[in-house]
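Look at the two complexes coming up: chain A is in both, with chain B in one and chain C in the other.
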Partner chain A sequence: MSFTLSELEHDALVEIFNIGVGQAAAAMSGIVNEAVTMSVPSISFLNRADAAALLGHRGEQAQRICGVSQHYEGAFETEAILMFPEDKSLEIVRLMVGELVPLSELTEMEQEAMSEIGNIILNSCVGTLANIFEQELQGSLPVYHVGTSEDILSASGSAADSVVMMLHIDFILEMHQIHGYVAFILDVSALRDLKEQINLYLSRVMGRN
Partner chain B sequence: MESVKQILVVDDSRVSRLMARQYILSMHAGWLVEEAASGEEALQKIEGYTPDLILIDVNMPGMGGLAAAEQLRARLPHTHISLLTANVQTATRNRAAEIGVAFMEKPITEARVAQLIAPLEA
Partner chain C sequence: MELEANRLGLLESVLGAVHLGAIVLDTQGRIVLWNRWMEQYSAMPASDVLCRDFYTLFPEMRSQRIGMAIQQALVSNFPSLLSQTLNKSPFPLHANRSAAARGERLQQAIAVTPVTVAAGAGERHCLIQITDVSIAANREKVLREQAMVLRSQTFSDGLTGVANRRHFDVAIDKEQRRAKRNGGKLSLLMIDIDCFKAYNDHYGHQHGDQCLIQVSAALTAMLHRSTDLLARYGGEEFAIILPDTDAEQAMKMAESLRQRVLALDLEHRYAAEGNGQVTVSVGVATHSPEQPFDVPALIGAADRALYAAKRAGRNRVAAHQA
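Moving on, here comes the complex of A and B:
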């Protein structure tokens, strides 16, 4: 593909997403009332089908996951997706609401509650990015999906062979041994816009205009 | 005797409305909490009564929370109004200040709800 990042741009991209993810971890921790650790963001350029495979085949076999996605547009466009193993979804919702909601009602609200959790975590991260770039990003309402990562990524847009940048971050709720991940998908046109924002940011922090 | 306060929680997420309600009632069991699932519904509700505090989400279907907050502020100049939102962008905080409403970020926690209702306890 024709898109490249210089070493400095790459470093800045990881650092900016690192700050965003730090805010998302704080929001997640506030939701579940326990410590959340998050990995350094890793960046890969690959086609959408490979991106799905990378996310889905993390263990012995493809697992079913529940995902919440939101589309953002403005200074740049991205699809942000929060994913958890499907069988942990109710446990996460229970951690959020504690004893406020009886279990019988909780099951009925699971999907809605997961959407709200996704909304909080994704906006925490994306909002921080927007603030760093001194720009505004408009987000869609959260969309809830259940299926394999292929199902979830294919529901979020472009063709399976189109090249995307996938930036993904693992996070772990240590006490409950729950692993999840956040991924940001950008196509080539969005990457050019993001690169421009990174360079504007670098100009500001390095005192150039 | 504690005076009864009326609070309107506006959020398209049922679980968020429920959490806000439960935290408020755990601190003041006698207070009245009304709910609305959209900005449009909130504007209808205030035709019939005047809440002491309105907590309103931003990212909602329909007119959205910012437009609704602006109209609520115009119609209820003396009511405490606060955004309660996952949208932590500076642009949203600035918009809240322009409209004349407070800002509180999600997730909804007991401590944050306590902070939001504090002006009613004074």
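Moving on, here comes the complex of A and C:
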């Protein structure tokens, strides 16, 4: 299915998410005592297969992705997933933890640290959204996954025809710039709810209607 | 009604028996539940903490991530996870009294979740669950230490204990990138023991090994900055990477190294020149920021300088003439 937002709706969402990741970056700076900056340069709406392909293929083999997911419900329902290529997640955890001896995979404790990073980013994004929509959402605790992008996007058990709202995230820590994604999996009714909430917000701030 | 009463009693017992810490705060942030695990590891009985404000007990936590997590649970209804790695033991919990005396806290993983009490007309509470992850954290520490030992073994020369060729290749690459970024000068010394083949032939390989060990120890002793690196480049050839060092400083360093080896006063009656002692020849090359940078070219230049020193009669230092 195709889904489009008007330019105004799109810009509003980008702005809202930039506020969200800005708060997440501030929280992470507090943890590591160093400047952390995050921004969302763009958002795109894709079907699940295209979203998986966007993350999935560098060269021949499907790339291994680390994902941290949380389920949210209320004004709209979604599975939110923070995703980084596995080597990038190793880099992030190493920079955050300041570990000198990196092992080839995330250890149990590092996976938990990654889950916490995901928890901070996802709660900030969804929290800002909920705030601006003047709605309340409930969330689950984060779950850590590793696998192909298709594995991770389908782990929530959502229908294959779901739409994925993809946030591109730029993450800068200690001169390292790391690109990642936050995916929101939305079904048809969640998409309708989201669009409705954006328009309610826009009419509030623009005094329309 | 009786069933309901039993049920409450059962829940209370279960909370007392679970192997994790459970704290519940009400909307105002007062402690309304403090289970037996918490009593045991905090050495604070529930009777002392119940009904008290959480931040009165733990004032430092208000500005920490745990404070943010509590706020998020009570206000935004979102749960948070605090990992052991990113949050160093927020709660003053100790395995036992002697650990407490040493100030050694339990390693903690914490989940903070909103809890809506159904009967209380939607009044929101927040549950803080604390898990002791000391065992897993220590296991990983051991794993990391072993990885560190393994890595240092694969990067050092078995005989002399100085960096090996593999370490050199990684280091020169790293220093080249650093010099390019900072516009610094990078010098490289190539050092070769003179007439080492003759030494081995006459004194035997065991003495040859001893000679290598003594020379490398003497060279190591001359390096005072942690960024300088001595590596065994090949058989009797050593290389020294000197970051942020110009040609003049590098020449001085090379000359002191040559003299230091001479001062060892190791007998070498079969040396082609000199007073029958073990000597070294040193080739020096320096890269300046204005030149285009290439690691093989720098190594080649130092090699050619070393060859020039040998040709000029050994036991001397020569610089690469750009």
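Just so we're on the same page, the second predicted complex is superposed on the first by the 145 of 209 C-alpha atoms of A that agree within 3 Å, B and C clash if a C-alpha of one lies under 4 Å from a C-alpha of the other, contacts with A are read in each partner's own complex, and residues count from 1 in each chain.
By definition in this document, a residue touches a chain if its C-beta (ideal position, glycine included) is under 8 Å from a C-beta of that chain, and two chains touch if they have at least 3 such contacts.
Treat the numbers as computed from the prediction; the structure is a model and nothing was measured.
Within the superposed three-chain model, A:G127 lies in touch with chain B and with chain C [touch as defined at top]. Using the contact criterion defined above for the overlaid structures, shared-chain residue A:N119 touches chain B and also reaches chain C. When the shared chain is aligned, chain C comes close enough to touch A:T107, but chain B does not. In the superposition on chain A, no contact is made by A:T148 with either chain B or chain C. When the shared chain is aligned, no partner comes close enough to touch A:S89: not chain B, not chain C. Of the two partner chains, chain B and chain C are each touched by A:E136. Across the two superposed structures, the residue set of chain A contacted by chain B and also by chain C is 27, 30-31, 93, 96-97, 100-101, 109, 112-113, 115-116, 119-120, 123, 127, 130-131, 136-137, 139, 141. By the touch criterion given at the top, residues 12-16, 18-19, 22-23, 59-61, 85-92, 105-107, 109 of chain B touch chain A in their complex. Touching chain B in their complex are the following residues of chain A: 23, 27, 30-31, 93, 96-97, 100-101, 109, 112-113, 115-116, 119-120, 122-124, 127-128, 130-131, 134, 136-137, 139, 141.
Chain contact summary for the complex, chain C toward chain A: residues 65, 68, 72, 76-87, 109, 111, 113-114, 133, 136-137, 140, 143-144, 147-148, 151. Against chain C, the residues of chain A that register as touching in their complex are 27, 30-32, 93, 96-97, 99-101, 103, 107-110, 112-113, 115-117, 119-120, 123, 126-127, 130-131, 136-142.
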